[in-house]
């Protein structure tokens, strides 16, 4: 009788279980941006109980037209991180999903780069990282910090790790948007701001033009590029990989089946999260 | 300039693309159940254009506490089926997701088996199959019909293929609920109806008690059991596999990492859909 | 007691089992080449018992410096084909592994293309295919014939399917050697013959220069390119994929981890064999 | 011209490359066994150059009828370990493959357990571990020691970790032989010695009979069971998993496609090696 009741409860619990149990939605008031910026944080099992523990951190960046909530709502990051943590395929870490666009911000889909009136990169490194790593008990050094993202966030990840190799142990770029034509700013077209910013932060040119000193720095980061064979950004990502190879900067490349879709990024998490985890320093 | 515009459109389209483009929500007025029963149908690319073509069909059954919409809304079936069709890992087929419970029906979570006032199995085989296969241009024979499902629907799939081996070429059971204690009906507890029905259609006992003739029939179906190592139904599914082996009925078994979760069933689709597809007769 | 004895026998049998049980080593006396050419054939379970059955056929080509025996001895093709056949991931087929080089031939490592004194392509299409498909009960039409291979054999597969699209339903190129510089023949360097032949059969230039009519023909073949991210032939294979995309000839691409190694090709078989199988016509 | 020459050299080198470049065959003169015992050691890239570094160690045990050379010659362990190390899926470690049988020893296929005249377990823990970990610069504590094996070696791994949980951080059992009937010793049947020893070291009974104290110790080891759905030892391995679950000792289980074959163990290495690696202590 007890067994029967248990089974029933288990059946109902399994299906109705709140998926986002350990995802916290938070925000920071940014002086740099003059705006409140929301973000999601996935906390590993045991975070509350181990009040003195410090954790490595992964920044997971969303794409163009999305916001901070996309990785949880569309990307299943919490379910997948729970599963990988359970089997030890990732070690306990904090996953931070910041906002870089959408209607909650002054502009729309502004992106990860500094532009007129939107100094997001400055915000990210001078305000956001210190705030979030202090509040969520992160170790706070490059050996315990990684960056990843999809599409515009894949480009953002790559550029952040290129320009701040002293800040990240690894970078995993999914379906990354890495280059754009030299589009003039059109005040009526908010997207033109992002395109201009991507053009001005061309990740492929960065590698091609890197000095020996810069290349030496880039070799301290572990790089991974993951791009679908049907993605319209395919050529860009292959070009980056080619530039990395010619510059003798070690980099992993995978081309899997698919296009620029959530199904692709969902399965990419199963590679991305363990990659970040195993490239964290052991204490 | 054109290239830039294309890129922007592609970026926006990729993310905002309606995922369920080829999923049709339909319903049937059932005389047997005295109720309208909803269902979803995924149609393969090319279905409308090839007006004379006939297709094999997979019935994909939802679990306890869910409804016909779960496989699309929580299970990503349309995205995964699109991808597998694109690479040829499945051939064009129709995927039918019927409703066997929830607040849209007279009772709540009634399940796939005949019980007092809810002759669902009778409805399924005498009304539903003929209606849906006629309307959606299915070939309509056992060689072009498969069944799969999760939890209560995994049990439903198994029992349907056990009791109607002349109707299905293959059966893929995910995290299947196969047996239950002998619970008395409690009119205030709708779930007790389902538990009683599962008890009365015990899939493990069915194999154990099968005559040689029945075993011969069961060997004409291709069977697959997929169960997580942390699933609370693990023992049941292993018991079924053991009974199948001892009865010398060929059956595949996979135990993957995970519990009774959508993440498990989501990845199960990548095995389930190709399994159904390759076991359809070639014309 | 019986159970114990069975267990012991099973333990010993499992480990000592001859892996190549259904691999036949055969040869053909070629008038075109003026030489005897060896080949291996993997026959599916049931081949002997079904004396009237006809089968689809996959030609699986070895690489430079290897011979017909490499796919069995180094590639584990028989074990993997057995497993995939057992689960239905491939349908019953005949796998033919011809010899295109090595000390058994007049020259050494001569390759798959016609050259002075070594008209291998002529041999392959006018002598070898008719002989092997007659002797080993192959259906014998393009819908039931596929080609695959590694390195020099990946290039051979690609060129054969390019020049004979009426002969193959699919082509799966692993780590393909597709282009070479314009090396002069050096009579003391046997390898220079092969390099010259690859140069004269450049698979990338073939696509770039294809007429609309040829492109139409190429679209009737299903193409798959599989190349490791550390392979020294990486750029060649990506160039072919780019040429295919620009010519709007559907083609799958996968870049997995690895270099130009047997471990790569061994795992490639798990994709290659099902790809060939599902692109055969159903009868 | 240079490029051509490079390509040719690369093509020839790739195929003829000696696979076992970093595998050392060594031996130890055992007083306990009164015999010389051979073993293979796989050393990670960089082992010689980092003369002061210490490494974690994995003991990888062969099966009945095989010897110390099986994991290299039939199991491809060196190729797979090289690849996994290259991508960081394993950290640098030493893999030790000892001999527990075969014609090089006094008896034939004696196995991992103490028996009359063959005190292998005593040898393993008092002579072999100290010798090999000293000679090959292993860290030498439980946090940097793991055990794995196939068939008889899967049973050996399990029993070693059960009886010495203070010695291993993790245990990965492949297709494990865990129990045997109570066979009398038959001096003319060498195999009867092994069967008796397995019976006397029944790994399933060990868990069933474990005291609370022993269970607490067992929970300090990370356990993984990997068994094919067609393996004749399937029931044994499932029984062990059931016993572990009921004893509330965390344990992973995977049932994949296949039987008691090298192809199964070959692919098992891709899970086994990372499992050992991620369960080593970070320093």
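Order as written gives the chain letters A, B, C and D; numbering starts at 1 within each chain.
In this text, a residue touches a chain if its C-beta (ideal position, glycine included) is under 8 Å from a C-beta of that chain, and two chains touch if they have at least 3 such contacts.
The structure displayed is predicted, hence computed values, not measured ones.
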Chain pair with the higher count of C-beta pairs in contact (C-D, B-D): C-D
Computed distance of Cα centres, subunit D from subunit C, in Å: 36
Rounded Å distance between subunit B and subunit D, as computed from the means of their C-alpha atoms: 41
Residues of subunit D whose C-beta touches two or more other chains: 87, 252, 257
Chain contact graph, described as a line, ring, star, complete graph or other shape: complete
Subunit D-touching residues of subunit C, taken from the complex the two chains share: 1, 3-4, 7-8, 10-12, 14-17, 19, 63-66, 76, 79-80, 83, 86-87, 151-152, 177, 180-181, 183, 191, 195, 230, 232, 257-263, 266
Contact set on subunit C toward subunit B in their complex: 87-89, 91, 222, 252, 274-275, 278-279, 282-283
Subunit D residues within the subunit B interface of the complex: 229, 234-235, 238, 241-242, 245, 252-257
